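Presented sequentially are two complexes of chain A, the first with chain B as partner and the second with chain C.
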Partner chain A sequence: MSGTGTDTTGRRGTLTGLLGALRGSTTAWVGLALVAAHLLVALLAPLVAPHSPVENDPANALAGPGWAHWAGTDQYGRDVLSRVLHGGRYALMVSFGATVLAVALGTVIGCVVALRGGWLDNLVMRVMDAVLSIPPVLALLVVVTVLGAGPLVIVLAVSLVYTPAVTRVVRAAAQGVAPSDYVTAARVRGERTTSILFREVLPNIVDVVCVEFAMRASWVILLISSLSFLGFGANPPTPDWGLMVAENRTAITVVPMASLAPIIALATLVIGLNLAADGLSKAWGVDRVRKGRA
Partner chain B sequence: MLSFVARRLFSALLTIALSSVLIFLALQALPGDVASQILGRDATPEAVATLREQLDLDQPAWQRYLEWVGGAVTGDLGTSLASGEPVAAEVGLHLRNTLLIAVVTILVAVTLSVVLGVLAGLYRDRWPDTLISGLSLVGMSVPEFVVATLLVLALSITVPVLPAVVLDGPSASIGELLPAVWLPAAALGVAMTAYIVRMARTSVIDVMAGEFVTTATLKGLGRWRVVTRHALPSALLPTLNVIAMNIAWLVGGVVVVENVFNYPGVGSLMLQAVHNRDLPMLQAIALISATVYVLCNLAADLGAMALNPKLRSREQVGLR
Partner chain C sequence: MTEREATGGKPVVEITGLTVSYRSAGRDVVVANEVDLAVRANETVAVVGESGSGKSTVAGTVLGHLRHGSRLAGGRVLVDGQDVFALPPRQLRALRGGTVAMVAQNAGQALTPSMRVGRQIAEALRGRGLDRRALDAAVVELLDQVRLPNPAELARRYPHQLSGGQQQRVAIAMAVAARPRALVLDEPTTGLDVVTQGGILRLLDTLSSELGLATVLVSHDLGVVASMADRVLVMRRGEVVEEADTERLFADPRHPYTRTLLASVPRITDGGLVEVGEDGGRTVRRREPVADAPPVVSLRDVRIGYGRRRRTRRAHAEPRPAVDGVSLELRRGEVLALVGESGSGKTTLAWSLAGLRPPSEGEMRYTDHGRSDDLAQPAARRATDLRRRVQLVFQNADTALNPRRRVAEAVRRPLRMFGLARGRRELDERTRGLVADVHLDPALTERLPAQLSGGQRQRVGIARALAGEPDVVIADEITTALDVSVQASILALLDDLRARRRLACLFISHDLAVVRGIADRVVVLRHGVVVEEGPTEAVFAGPNHPYTSTLLAAALEPDPTSARRRAENRDAPPVQWADDAADGAVWEELGAGHRIRRWREVGKEDR
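Now for the complex of A and B:
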């Protein structure tokens, strides 16, 4: 796991760094634009959707694309386009919450163990390895069995599942920063760990953390959609892409759009996140490819 | 060298032990009385009492944990709450079926992706690379249930050559299951291929920029020789690691894909166990997956060490 967050080139600072990377990379730009478009649609869905996403209309069930329903209707006569426009809201909300939590937790833990080292580092990484060894879908299914599939449970469970992987990456990056002169200087000045963490280490690994965020977000969305597909996420009749594919899969020969539209929506969102992660990591020189999908 | 292997073995065992504790704790965290939680609100007191006895709930948790682990080590994983059969036999049968998919997936994905990855690396930034890299980006951006759905649409409905749903039970013979293996394996293989292609491409680009490749070319070695002697091995080595790292995710993918195709493997068994709140079964499957993951990573580490002399000597230096 080589997070090369130490090749400081002067342009640090989160926002300037991000803007600089964007200017240099079409890939990152396209990726972030795709994600932004999805966020915008999710926000504005109630305003722009032509129909209610949950209103049944049995008379018009399983209709093909037409003027009244641009993408047709599903088996209950619900408007597919409206459902697709609304369908990202659950996944985006839950995924965003879980990713923010996982990346924040992983960053703090990773930095602290990298700075402290010793037995604490050993102990924490042992536990993290143990969590990593339990496959995410499996861990989530266990949690859902025990605590139910409420959104809060899913957010907490997903963030716990992904924290170890983030911790590993951030720890590696922070270990690259920890021996540098300014950290030593801060230590000699007698600054506290929290202050060293936020003022010396964190600003220097912001790039690693950003790439990590985009990458984790793409996996979390895939995981959450898969859970919805399996029936452990959004509850019917809530419009959700994963759930929509599960509902309309059997009718795919009759109304292919009802399955294909949510698939396209989900794919473009994740492709956007992956492009952003690729572009940013390339612009910043963070090695992304050599990471498995844990 | 030997002490490195021993240390690595010990740490693998420790990780498995720790994850068994985590799994046990997670499943014991059912709020309230476990027995009445499993049976639901309408359960009769007698049924709850029977289940309590069956699960040994009157004993303290640590004692139950030790009994569970002790049993697991000797191959006794408890009794399924749903079927009343021994968990080990049932999981074993389903595990065989899932292994069938896994082996096909890994073989196909690795072969395909190493070829594509080397191609992309050799034709860096030209159209074969653009095409392969673009496809692998899409491949890693669509979840298994989407790939599975599209595959069914293409190969079971439009051109009906492969079965969309498996009708065989878990005890069907391998020969009977074989026609049903291809679509699930393909659905799983897409994302895995995408990841390995990216890895292999980067390794090839790194290697081809290396000095020994320039030397080999200057020495008059043909391009084909350079590729087979230098590019291919370097692309193969890191894939070991990716496969090991992807095992955890493969298990998750298996749950989804087996659900789509109704394939009688561990994934389907796991979903059944979730619906039935069959704790012994869930515990067993989680423990087995964790063990498989740790062992695969162990194998990948040791394999990489055996194949890469540089790594071997560095470890020796590090140990002195």
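Now for the complex of A and C:
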């Protein structure tokens, strides 16, 4: 009983940890289920959507919910339900790419600066602070105006904007691991930084990285949808939630569903991601607030 | 405390038939089984046992505390006539604040880091209804009572500005603030060095007799128990195996477990490592004299500062280096003990040798069969072959192993890294060999560190260090975190390996009894300066540098009679001394390599 407390959780891989977290936490379960449902819908949209998302039908424009169109139609007579079902594809694809890139970059940079410390740490973090101080939407608008609104440009720009935040969180987590004796042992052995990073540090902060991924994804989706809403993301007539809200907000009094449906879809996805992040962080004991969320 | 008579009458703390269990994987695991314990006012009862014996659980129940997930399966705990587990929350809080208090093991963690210590103590006094000024006065009085110097100024400090011993004194002040009737001490001095430990124990002893406390002392250190307790409960796996008066227990342990436990404790009078038989008999292993071998590692005037030298506005404000001009030699096949209080620079020196913090001045060399390498280089710049030859074993085996890597991987990594084995078969074979060398069950190699016991983890740590086939092993307090019986087996292992592989071992420890058992030579370090060095027997026989004498006097023996003798001598003031080393006349040679740094006695007014 005396002496040092020991962790008796035993072997806990990422996958088993995820399953354990799912069993233990309703929050995580609900969140992941929502996200999974959205992914499934986005994948299967061409199969399940009752109409084409881009087919105009002026005769049936601005129709309310009915048997033919469950969620009604918009000003061009396009089926709202079909558009909502398709509308997540662009946002999910771009967000996924941007989040993976941002988290990967942030993780590597955060770990390296935590391990090296000294002037490198100071330099990199001040640069990150400078990037953090720029409002994301503003930065993206500039990038998109200059380089165009192609998906690749957006992915790169969004990941650049979010990398500093991820770096901060991961650096804090890695700093907790860096002074451990097993890292010291690796240094004494003369291991290279990459080797220490992938063998000693990363496996011990993988939970922080996963939670960071889930949380960051919801922010990225919101940002990308905001861009679409402002007209800098998906181009009409591509079905996209942000774009749909922008197109239909003038007719919100006539066909509220045309604006509400994409909002509901976006909200459930973001809430799902947030719930998953919260549930996972609780189940894994990752304290986001303490770890200096940026 | 031994001379004090326990007053008769009703016990303040009375535990009867206490059974605590928790559910794990669908079945009940008993942590404490039918434990009985009674403590009267003015009495100290010690609960001793190794990790997992349930001693802390029992101590916690006195405050009505159960670890998360545990439950009371039977029995009751009466404190001052109240059944703590039947009390409503409000009264339980009143009981915890007023009737029974606790001093936890790690004061650094028990104090709130963001609050001045004075305010924290004031919180403990809240129930008294004092106004601001009276409160401040009470805080100062309490700090004075725990013998802290300059209490008014100290009350305004934050916990991190205090030393470990001072933090523990503040924690004690908080505990006695509400004038409790019972005090629970959970390993109150573990983690403190011997000199500080002596001070804290003396304070606790005086306080509990001044305040007439009923004290429950939880400890794994039998030296502490011998000097503090009136009665002892020995626990093992949740059961009380023996209960007796301190004198009787140490003179004539009846239960075989108690006998083994007592026998495993290294004593400062042992001339070598102790081997404990099945029946608890002790045989002292003779130390083989080390042939006069050439040095493998030699240090000359090594100085190691804190961090990089910064240009400060005040150029003269250069801090004293952690290691200040140390010269020593480590020979092949010998164990050289580095002894000193915390802050004496032992670990800094070890880390520097391992290449983690290059010295700012001086020379550190590795020599072997004509080759000579510079150890002043950081590990990253040393040649692979040199890195392999100098290896470090860590104090805390819990953090020394990557929690996500299996035992076999931890041992295999240096093998592959240093190119000592090629191919899967050879790697596996070598790994198995190393695991067998440290007497670890081969079945454990597929486990993660969290699934091993502390002793097993330390064996893995040693196996990992040995994988590089080193010539020099630096062992930094490797047995400090272990139970005594495990400690004995790890020390024996180290001794065997040293003999078999002709290792040169730098053994860092603050436990003089352990040092006496394993070391061939001893170097005493104080504030980064070597004050004495010599063969173990010579150093322990004396004469000594006054600092060494202080260390020796503070070492606690598992023997109540020697503890009493010390208690009688404790009022004799320690020798006041000042350093008297001058250029060309630093050492006083006593022959056979035993030498003492020059010092002179000074009167109080000189200082």
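Note that the second predicted complex is superposed on the first by the 276 of 294 C-alpha atoms of A that agree within 3 Å, B and C clash if a C-alpha of one lies under 4 Å from a C-alpha of the other, contacts with A are read in each partner's own complex, and residues count from 1 in each chain.
In this text, contacts are C-beta pairs under 8 Å (C-beta built on N, C-alpha and C of every residue); 3 or more make two chains touch, one makes a residue touch a chain.
All values derive from a computational prediction rather than experimental measurement.
Judged by the touch definition given at the top, the superposed model places A:253 against chain B, while chain C stays out of reach. In the overlay built on the shared chain, the residue A:180 is in contact with chain C alone; chain B does not reach it.
In the superposition on chain A, A:132 contacts chain B only, with no contact to chain C. Once the two structures are superposed, chain B and chain C can be ranked by residues of chain A touched, with B on top.
By the document's definition of touching, of the two partners only chain C reaches A:203; chain B does not. Comparing the two interfaces of chain A, the one with chain B and the one with chain C have no residue in common. For chain A in complex with chain B, the residues that touch the partner chain are 126-127, 129-139, 141-147, 218, 222-223, 225-226, 229-230, 232, 242, 245-246, 249, 252-253, 256, 259, 263, 266-267, 270-271, 273-275, 278, 289-294. Chain C makes touch with chain A in their complex at residues 49, 51-57, 105, 186-187, 190, 218-220, 354-356, 379-380, 382, 384, 387, 391-392, 394-396, 398-405, 413-414, 417-418, 447-448, 450-451, 454, 464, 468, 481-483.
Taken together, the chain A residues at the contact with chain C in this complex read 1-4, 6-11, 180-182, 184-185, 187-191, 199-200, 203-204.
For chain B in complex with chain A, the touching residues are 14-16, 18-19, 21-23, 26-27, 29-31, 137-138, 140-146, 149-150, 152-153, 157, 191, 195, 198-199, 201-202, 238, 241-242, 244-246, 248-253, 255-256, 259-260, 270-271, 273-274, 277, 279, 282, 285-286, 289-290, 293-294.
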